[in-house]
Each structure stands twice: as structure tokens, then as C-alpha cells.
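Across the two complexes that follow, chain A remains constant while its partner is chain B and subsequently chain C.
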Partner chain A sequence: MVDEGTRKTLSSIPLLKTKAGPRDKELWTTRLKEEYQGLIKYVQNNKEADNDWFRLESDKTGTKWFGKCWYIHNLLKYEFDLEFDIPITYPTTAPELALPGLDGKTAKMYRGGKICLTDHFKPLWARNVPRFGIAHAMALGLGPWLAVEIPDLIEKGIIKYQEKSEDSK
Partner chain B sequence: MGPSTDWDEIKRLAADFQKAQLSSTSQRLSERNCIEIVSKLLELKLIEVIFTSDGKEYLTPQHLIREITDELYVRGGRVNIVDLAKELSVDLNQININVTDIIKGKDVQLISGYLISNSYVEKIAREINEKLQLQGQISVDELTLQYDLPADFLQQCVLEAYLNEIIIGKQDPSEPRTFYTEEYITRTKAKIRGAVMGLLKPTQISIIIGQCIVAERLFMMLFDQLNAPGVLTGRSASALYVPSCYTKAQNEWVMSFWKQNNYLEYDALQRLGISDPKGYIKKVIQEEDITFLSSCILGSQIKQQIESALEECIASKTYLDVVSLLPSVLSDKDIEKVLEILLKNNTKSTVLFDNTVFSHHFVENLKQDCMPITQSKAEAVVKSGKFQQFYLEKHIAKAELLHTQTDHKTEKREERRRKATSGKGGGGTQGRETKTKAVKKHPRSKQVVQESDSEEDASSKKATAQLEIISLEDVVNIIKKTLENEGLEDLVHQIADYLQGTLNESALIIAKDLAAKLLQNTNQNKKQTHSSAQDKINVLINDIKLYEKGLKLFPVDQQAAFIKYLLKTFGADILGEFCKYAANQSNISVQVDVLSAEQRNKIINDLPEEYMKPLRALNATLLDTLDPFYQAVDVCLSECGMILKKVNKKEDKSLILNHREKLISELENCDDPALVLHLAVLAIFTILHQNMLHASGRQVPSIICFLKSQLKDEDYLKLHHFHELVTKFLVAPEEEKSGIEEDLKDKLPVIKNLVFEVKKYK
Partner chain C sequence: MSSIEDLQRKVSELEAKLAAAQGNAGPVRQKIDIMSSEVVDSNPYSRLMALKRMGIVDNYEKIRELSVAVVGVGGVGSVTAEMLTRCGIGKLILYDYDKVELANMNRLFFQPHQAGLSKVNAAAATLQSINPDVTIEAHNYNITTMDNFQKFCDSISKGSLSGGPVDLVLSCVDNFEARMAINTACNELNQRWFESGVSENAVSGHIQFIVPGETACFACAPPLVVASKIDEKTLKREGVCAASLPTTMGIVSGFLVQNTLKFLLGFGNVSHYLGYSALTDFFPTMALKPNPQCEDSYCRLRQTEVNARPAAVEVATEVTEDDKPIHVDNQWGISLVDENSPEEETPNLNLVDGVQVAYSIPVDNSTPESSTGGAVAASELSLEELMQQMKSM
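Up next, the complex of A and B:
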């Protein structure tokens, strides 16, 4: 079950209305617009709550998304690359978020770095089609996953802090 | 909108998105960091803050003070400190510390855990005023409950501080905790006045208070200002309100009753609700001359009435029933008391019997009525000798009583007793002496009674016992009629009792006088009796001797019968004389002149030793012959101090002659044949033999036989014949008697003549 904090975050993200995938041409644009609006709101909320934890951008069509996400543990910032495609069946199928940097480092991951989401996520998503969008997937899927997996991985020494491996901005 | 525009828009949104992502994030400190920072700052004393009780917030003291004042304001000027601590989530201590700062300002005070602002005080003052105006009165206690504030605070800081400013009312001067409005007081006054005006009889204050629904204190306070037509008997709830109209009516009743009847009963006053009748009467009735009795008072009028009635009663020599003049309510005791007062001056002229006053004269008259019987009774008692006996007994008892006293006295007493018994001392003086002694001894004997033991007590009682000459019944019988005529039968016994005492007293005096006289007489008589008895006995003895001579003429065998008869008659007479004399000497009364054998014996037995013995001996000789009789007579004579005179022969002769003449004259006057025969025979005997003969009728035949030789034959035959006729007549049956009697009567003159003839030829 999602925790209280998550629920709160979730409720502050505007719900989407249009049920359309990349194939749907015109409707997709509408959908895409809604996706952006949701993301913008979510990011703004995060910033306000001093909880900014990812950067994301997409290609021209809005089907391929990439960026970075990070997690602060013991005052150290661990940063990972993030990428995912919008599936053809979207929004019925949830996007498969992947952290290629961690591929093979944890059991909670499919090949290619696709994170293994919790049992709750999928039914939750299925119930909320088409209202959930990318922002929801980030908040419900990747956020909790990072919070659970990263401290574990750091503990195990699988991932190590890299001093300014990349520009912080 | 075309697809291109859509995409443009998407591009723009993507750019926005990036812009949003790139915008700087606001820097936020974690809670932990903040706590650390603050504690660091506190450590360094750079800041001064107060933790909230949950520890999540900090407050500066200034802020706390502001919050407290705000809270106070919000809550209308009154807040509990504990509530504050809860509300502000600040530790109570912190609040307490800061409250002191707040209190420093004059606007707020801390009263029993409450912060109270002046505005609140004013507010409640207004409230109280409203309430006061509504209710009319208000008490601090009531307010204490309502506001949950200390009474002192309410009293001083609210009520008294704002009295006549906000609170329009009056403080009860006697009870500072109570406040009234003028209106309420006026209203209450009116209420009480109404109640009090309406009351006509004394009423308990508590009842009035209950009716008016007023506090007792207020009632008392207002009552004084009321000029109520009445008074309170006290200041407590149990006291009474007595309306003046009631008092007035009471007084009027009392005065009118008093004027009408001139007496007042305490009970009646008490029934009117006067608790202290005596005091009340003293106050109300100005007359000085009031008699206070146990149940009522009497006025002078009644007294005067009675007094005048009494005077009249005395003047008219009648009686007065006081009860009829006194009010009927008086108890017996009271009547007694009244009489006591009234009779103080008149005791001498009145006698009181059971509330009836008798004038002395009235009683005296009654007494006079009784005097005759008293006199006669006294005489009777003296005559019967009871009085003398009583005196003697009294005397003896007294003597016994005083026996243990000095020898001298005993001697005297014995002397006196001797005198009394011998009867030589003056009887009158002796009686008087005893009387005076008795009177003198009386108190002393009483003393003795008190001092001595019971034995002496009894004897003294006997001595003081009075002889009842006149009995109560006698008196009752006499006065009953007089009193019944007056309608006073109830008092008969009392008066009789009274009279009996005095009458008995006077009877005793009379008796004493009589006894004294009698004693004097008897003493004179005694000498006479002595000589007369001596003479009588002398005569008798002489007679006996003469008769003895006569009978000695008869043959010896016939003499015994004559002697026997002689002793039986004359001997008995002599004994009788002796007895009478001895009895007289021994103070034994003898009423009859001629004594029967039984009476003689009785007297002999009663006589003292010295007389009893010889007289008994004499009595014994009466059945004997003459010689022992003579001897016994001699003894008796010497005992009685008498002498036997010598026999004078001449006198004897004349005696015999006298006897003969007496017999003859008796014979002449006699008509009874038997007696004629008897007398004739005796007369003939006396004529023939110049001697007297004493014989009974039974001896007549033997005398006739004896006379046969001396008489002429014809005379003898006449006598014999008559004798036979007499015997025949005596034994004859009733039917034949008349015939024989005729015959005897025919022959009576013959016998009588015979005697004369015998006398002639002699």
C-alpha cells in the first residue's frame, strides 16, 4: 500500500482525461499536452517541497523519454540515468521505467535496467487508466523503488558514491 | 486548432517543463536540522524561546504573553490558567512565570487560578446589575455559585466597587453580602405592611415571612422602618407579631371585664395571649388596691362589697356566705386567702366555717341554744359520778407521770390523794387546784411527751384526754333546725364541731363547779350521815332487841323462824345502812334508798378492804342466829367509828307503845283481809304481852295458836274463823274468791273491833 506521503503527492498531481496512445495522432497531442501539464505541476510541487529528485525530457514525438534521477543518502547524492519509451498500448500499459546504470546490480530489475515495480502498482495503474500519466508513474513507481533499493544497494556496496561524476545541474 | 498548433503547444509545454525543472528548488531544512540549530542557538544564549508541550514548536516569551492576552480577550476577559496551558500547549510553569508579568499591568488580575481582566469584571458587574434589577435582591453567596469566584472578590472588587456606578442598588447594612434594589425594598415593605395590616391576632413571624417570602433579616430590618400597627415580641423567627389592634382589643376587653366584674382571671388573660398575666395586670390596671390570688386578682370594689357585707353581717348578728359574693372562678384556696385578708380586722367578731363567715353573735346564739342541754348533761355527768371518776383517773395518771419527780412532790401528791380519798380537805378548793394544775401542766406534759419514751407518752395521753360531756350529735341535733332554716345544713357538722369544743369546755367547767358543790355538800352530809347512820343503826338494833324479847315468849322450837325473819328484814336493813354509809365514805354513789340483796353484795365488793371485810362477815351472819350477828354488828360499828347507845327502858316502853298505836292505826286504815289479820294478830300480841313482835304472814297461824290461851274463847274463835277464811280465800279458785271476799269484808270490822276489845279488857 502506498504510504501517506505518496498519497499526498499523488493527490496534488492533476489527473489526465484523454485516453490516447502515440498512434492516435491528434488525440495523442492532447494527451501529451496533459502529460506535460501534469509533469510541470509535479515538478513544481516537488520544488516547493524541497523534494526535487529527477530531470526528464522527451523527443519531439513524446514517445521516448530520458533524463536523470537521484537519491540522497547520508548527505551524499547518488545519481542515475533514466530512460523509458511510451508503449504502443499506452496508457493502458504503464511505461517501463529503466535505470540502465544499475542493470544487473539488483534483483528487483528486469533486463535492460527496467525496474521491477511493486505488486500494487500495476493494479493501481489499471484501475486509474486513463487518469494516470507519466508523472504518476514517476511518483508511484520510481520514487518508492529508489527509496527502498538505493540505501540497500549502498549498504551492500554495490553502488558507490562518485564525486561529481557528472555536473550536478 | 490544427495539429501543428498542437505540437507547437507541446513544444512550448516541453520548454515550460524544462524551465520548471531548472528553476531553483527552495531550500528547506529538515526538522531535525532545525531542532539542532535551535538548541545550538539556545546553548549559545543567542535566543530565548519556550518549547511547546509537544516539543514541536518554539515560542518567544513575548509571543506567549501576547498569546495569553489574546486568549484572555477571546475568552471574554476570564481564563483559567490550566486551560491556557492546554490551549497554548505550553508548560503551566512557563505560563505562571509569564502571568506574573501580565498581572503587573493593572488591567488583569489573577483570582484563584483565573486570569480576569477588568473588562470581565465590568461585564459581570453589569450582569449582576441586570440580575439584581430583575430579582430585586441578590446575595454574594448566590453569585459565588454562579460565577465560581471567591465571595470576597465578588464582594469587594465587583459589587462594592461598582455599587451605584454599574450596580444600582443598596447594600444591606446589617448583612453586607446582600444587595437590594430600592424598588425591591419598597415592594417588600409594601408586602410586609400589607401582611401586618391584615393581621388581627398575634402571629408568628416565621408565618408572616413564609407568606411574604422575605428573608428573615430583611423582614426585621424593614419592619422597623414600617411603623407597623403592632409590635414584635422578639427578634427571632419564633417571636410573635402582636397587632396593636389586638393589643387594644385585649386591653379593652380586660378593662371592660375589670370594670364590670372587678376581678380578672389569669387563665382568661392567658387565653388572650398574655403570657405574664400578673405583670400585665400591674401595668394595665392603675388601681393600687388589687389583691393577687393564685388564679386571679380581685379589685377593691369586691373587697369593699364583702367588707360591707361583713360589717352588716356582724351588725345584724347573722352569717355571710362569702362564696356568693365572690366571683365563681375563685378556688377554695383563693377564697381562704381573701377571707384571711378580710377577717384580719374582724377575727374577734366573726367565726369562719368553710367560707361562710358567721358573726360571733350568731354562733353565740347557737351556743346559747345548746346551753340547757349542756347544763343538764353536766349535771348528769356529775351526778353519775363519771366526772369525779374522770378527774380521779386524770389525777392518778398525772401522778404516775410525775412520780419520778422530786420526793417532795410525791409526798405532796400522796398527801393530796389521801385528802381526796378521805375527803377531808375542802372539795371545792381541791377541784379548782387540780384544774389550775392541769392547765399549768399542760405544756409541760406536752414537753414530756416529746422527750419521754412511748410508755410515758401513752400515760400522758390518757391524762390529757378530755371527758366528753356533750357529744357532737347532741350539738348537731340542737343546731340543725336553726341552721336548716337558714339553709346551712352543709355546715352543721363543722359548726357543731366548733361548738362542741367550747360547749364541752363550758360543760366541764359547769361540771366542775357542780362537782365542787356536790363535794362540799357531801362533806357536810357525811358528818350528818355518820350520825344519822349511827342513829338509824341504833334504832334498828334496838328494834331487833325489842323484837327478840317478843319472840322469846314463843316456845323455843318456834323461835328460829322468827329470828330468821328478823335477821332477814331488820338485819338486812342494818347491813344496808352500813353499806350505804361505807359507800358514801368510799365515794361510791348509791342512788336508791333501800338496797336489795344483790345491790348490797355489789357495793360490798366495790368497797375498800377496810369496809369490805366486816361487812362481808355481817352479811354472812344474816343467815345465822342473833348472837354472831350482834358480834358482827359490833365489829362493823367500831370500823365505822360508831357507838351503840345504851338501851333506855323507858324509851323502850314508849317505843312499844308507839309501835302498838301504829299497828292499830294501820289496822284501822287497812282493808285487805290478810293484812288486817296480820296486823290484828301483831297488835293483839303487842297489847297482851307488852312486847313487839316482828313476824311474817306465814307465822300468823302459830301466833294465833300462841294467843289462844290469853284470849277469850269467843275472841279466839273469831280470830280463828277469820284466819280460816283468809287461808281459804288465798287458796280458793278464782270463781269462788268473790264470795269469800264478801264474807271476809263482812267480818273485817269484827276483827278490828276485836283488837279494840282486847285493848280495852287488857
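Up next, the complex of A and C:
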């Protein structure tokens, strides 16, 4: 079940209008603009709530996305690379968010580091096609996943805090 | 310095070792031109051709002209491919982008020494050695991405032995995205296919025959699930994504290939939907009509084409061997997500008892459900400007 916090976060992300996937040419460009607007608003909301937790960008076609997400645990910041493709069935099917750096480190993952979402994610997504977009997938999928999995992985010693080195900015 | 002869000897020694290591060391079965029904120890097809003598199949050797695409070569797909190979199918086209892992060894077909190889290549090598008469084509990519989807469609529509569309596509994938991608492709190409699946708790499964326009497509309704009779609250998911059993997967593969053979060779009845509940040994079957309001526009187009045809070509025979009554108003939606969701709606599916939709979709798709944030306003900024704005945050 979606908790109150997630519900509140979700409700402040603007809904999308255009039902179009990457094979839909001009309509996809319209959809992509909506995606970016949704993401920009969501990141702004996060910053205002002092809960900035990811950055994302895409290639020109809007089908390959990559970025970083991070999680603060005991005042230390743990950062992870994030990537996913937009499948040709989008937005009927949600994007499969992946943290390749954690592949093989947790059972709550499918091949290639795709995060394993709860039983509630897919029905909620399906009920909200085409209104939900990437920002909603982040808020509803990756956010709660990090909140559950990362503290657990840190406690088990599977992931360790890394001081920022020169080349990682 | 070694002489050339020494080096040549060394090379042939190493080649032999490599072949042995790869399991190709034994005698290799030669190709066979024509399927013989002669009953001798050396004829790999004698027991299959006996199906003709027993009056089950009229034309078994026709199988050598037929082509089948198997999408997903995991627990179900690999066994499916092996069964078809042993049956002497003309051509198999395999798709997968995964590698063999030791974690797969609770399932059939793959062996520990294949760990690290791509599933399609490892499978192709094994299958080819089992039956060299089968033409095997391996595609190592994810069919759901923009780059690969068109390649996938082309290989299905031009992949048969005669360069035309394959005779059947079998979906043996393990995720909703890939099933939807196959559904999209098959609706567009007007390609018949079977969907198959095993539940994540490994104790139920199903197969579904999809003839675009004639039977329900995968997008006509939310995914169907066989009731597992497990109380949701007692189902523990802590720390795992999915369980699997070789038994359930073998049973579903068997159902899938059995119905494939019946369809390809024209014997018996082909089930539109066949479910399996392992805990109760319950096998519901039913026919499924397409949803006139299906979200997939090609599904609706195929329905129009089918409706325009003269009624005589009734392919969709109802197969309901179960005594269970068909409930018109079933109990939908086992896992309703949102307490304050609008009235849910399920297309008029006539589901057999024991099969449910995994979730329900609201009637009025324009009613926003859980967001009060309003809709995005049309932006005056260009896509490039928005991308730049996001980047500079």
C-alpha cells in the first residue's frame, strides 16, 4: 500500500496528458516535453522540501536515460548510478529503473540491476496510464525502494561509504 | 623452436580437449533428409512418425517445414525449445539477452559448465547437437528497446524457412514489458502467438493462445492470474523477487508445446487459455473474446477485419472441459491498490472460476486518481530548452 508520504509526494507532481511512446514520432516529442516538465517540477519540489535525491537526463531521442540518485544514511551520502531505457510499450508499461552498481548485491533486483518493485506499483501504474510519467516512477518506485534497501545493505556491510574522490567531483 | 608438425599436433590436441570440454566429444548425429517411419534403433523420428500410424496426426512430417519463434530462453523457453527440437521442428528462432547463471540451475536444460555464456548461444549449441536437422537462429538482444523492436518484427515476419512469417510465436518471457512488446508486434503483424507464464511464487502458471482479432490479446484486459488459494497476508516476499520450480516450469512448457503441436499439425483442440494451480492441482480452461475497447489500436483493427469476414471460419472453438460454472460476475481485483479509487471496471471477460484479473482499471480513464497536482500545462519552451533546464538543476 502506498504510504501517506508517498501519496503526498505523488500528488504534487503534475500529471501527463499525451499517451505516446517512442515510436509515435511527433507525439513522442510532446510526451517527452511533458516528462521533462514533470521531472523539473518534481526536482524543484524535492529541493524546496530539502529532499533533493536524484538527477536524470536523457539522450536526444528520450529513450535512454541516465543519472544519479543518492540516499543519506547517518549523515553520510551514498550515491548510485541510475539508468533505464524507455521500452516501445511505454507508457502502457512503466520504465524499468536500474541501479547497475548494485547488481548482484541484493535479491530485490532483477538482472542488470533492475529494481524489484512491490506488488502495488504495477497496478497503480496501470490505473494511471498515461497520466503517470518518469517522475512518478521515481517517486513511487525508486524512492521507496532506496528507503527500504539502502539502510539494510549498509547495515549488512554490503555497501560502504566512499569518500568523494577527485574524479567523481 | 618447435617444428611446424609439433605445433600442428599441439593444435589438434587442444582442439580435441576444447571439443570434449564443450560436450561435443561423442559421436555426432548426421543430418537426415527425409523423416522415416521405419522402426529401427537408429531412427530418431520413428516414435514421432508412429503418431501417424496410430491415427493421432495425419501429416507429422509437415513439422519440418514449420518455423517457431521462442522469445525468452529461460526456465520455460529453453525446455520449450528442446521439446520442439526433439520433435523435429523445421526452424527455431530464439531471443534472449540474458546469460546463463548458476542461479538458473534449479531449472531444466542449462548445465553448470554453460554459466557465463549467453542463453541463446548456449541453447543453440545444445539444441543443434540434439537435432542437427533443425535450423536454429539466435538473437541476443532485448526486444523492448527502440533499437531492437524493429529487428524483432522483421525476424518474425520474414523468419520462416520460406522467408515468410513464422508459423507461431511463443512468449516465454518473465516480465510484463516484454509480453506487451510481443503483443504489440503480433497485433501489428497479424501473427498468431502463445503467451505463457509462471507466477512469481512458482505455484501457478498459464498458457494463452492469441489470434489477433479473434481471441483476447494481452492488452485486452489486465493480466490474468490463477487463484493460488494463498492468503495474501501469509505470502512472504521479504528479501526476494521471485521463486521458481523446475516442476511448474516443466508443466507449463509441456502445456505450451502440446498446444503448439496441436495447432501446427492440426489435431485435437487448442486451448485458448489453460491455467494451472500447483497447490490444488486445478486446471481451468476457457475461451477469451477480444475486448472491443482494447487499448491497442491494432487489436481493434484486427477485430474489425475478423468481424468483416464471413462467419463460417469459426476458428475459436470453445474448450471448456471443466465442470466449474462460468461466472458472469466474478470477484475481480484481488489486490486493490487504492482505497479511494473510483469504481473499477473489467471488460466483459467471462472468466472461468479460479482465474482472476491481477488488478482492475478505472472505468473513466480521464479521472485523475491520486494526484491533485494538476496536469502539465503545454510548455512554451522547446524540448532542448527543457533538457537544458533539467541538466542545470
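Note that in this section the second predicted complex is superposed on the first by the 164 of 169 C-alpha atoms of A that agree within 3 Å, B and C clash if a C-alpha of one lies under 4 Å from a C-alpha of the other, contacts with A are read in each partner's own complex, and residues count from 1 in each chain.
Please note the rule applied: a residue touches a chain if its C-beta (ideal position, glycine included) is under 8 Å from a C-beta of that chain, and two chains touch if they have at least 3 such contacts.
Predicted model only: the values in this text are computed from it and were never measured.
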item	value
Partners on chain A (chain B, chain C) - clash or fit	clash
Partner chain in contact with A:Glu57 - chain B first, chain C second, else both or neither	both
Contacts of A:Glu26 with chain B and chain C, given as first, second, both or neither	first
Partner chain in contact with A:Lys17 - chain B first, chain C second, else both or neither	second
Chain B versus chain C as contact partner of A:Lys108, first or second or both or neither	second
Partner chain(s) touched by A:Ala49 [first = chain B, second = chain C, both, neither]	first
Per-residue contact with chain A, leading partner among chain C and chain B	C
Common ground on chain A, meaning residues reached by chain C in one complex and by chain B in the other	29, 32-33, 36-37, 39-40, 43-44, 47, 55-58, 62
In the complex, chain C residues that touch chain A	98, 142, 144-146, 149, 175-177, 180-181, 184, 219, 222, 237, 239-241, 295, 335-338, 341, 358-362, 365, 368-377, 379, 381, 383, 386-387, 389-391, 393
Touch list for chain A against partner chain B, complex	25-26, 29-30, 32-33, 36-37, 39-40, 43-44, 46-50, 52, 55-58, 62, 169
Complex interface listing, chain B residues touching chain A	3, 6-7, 9-10, 13-14, 16-18, 20-28
Interface residues, chain A side, partner chain C - complex	1-2, 7, 10-17, 22-23, 29, 32-34, 36-41, 43-44, 47, 55-58, 61-63, 85-89, 92-93, 96, 107-111, 116, 118-120, 122-124, 126-129, 131
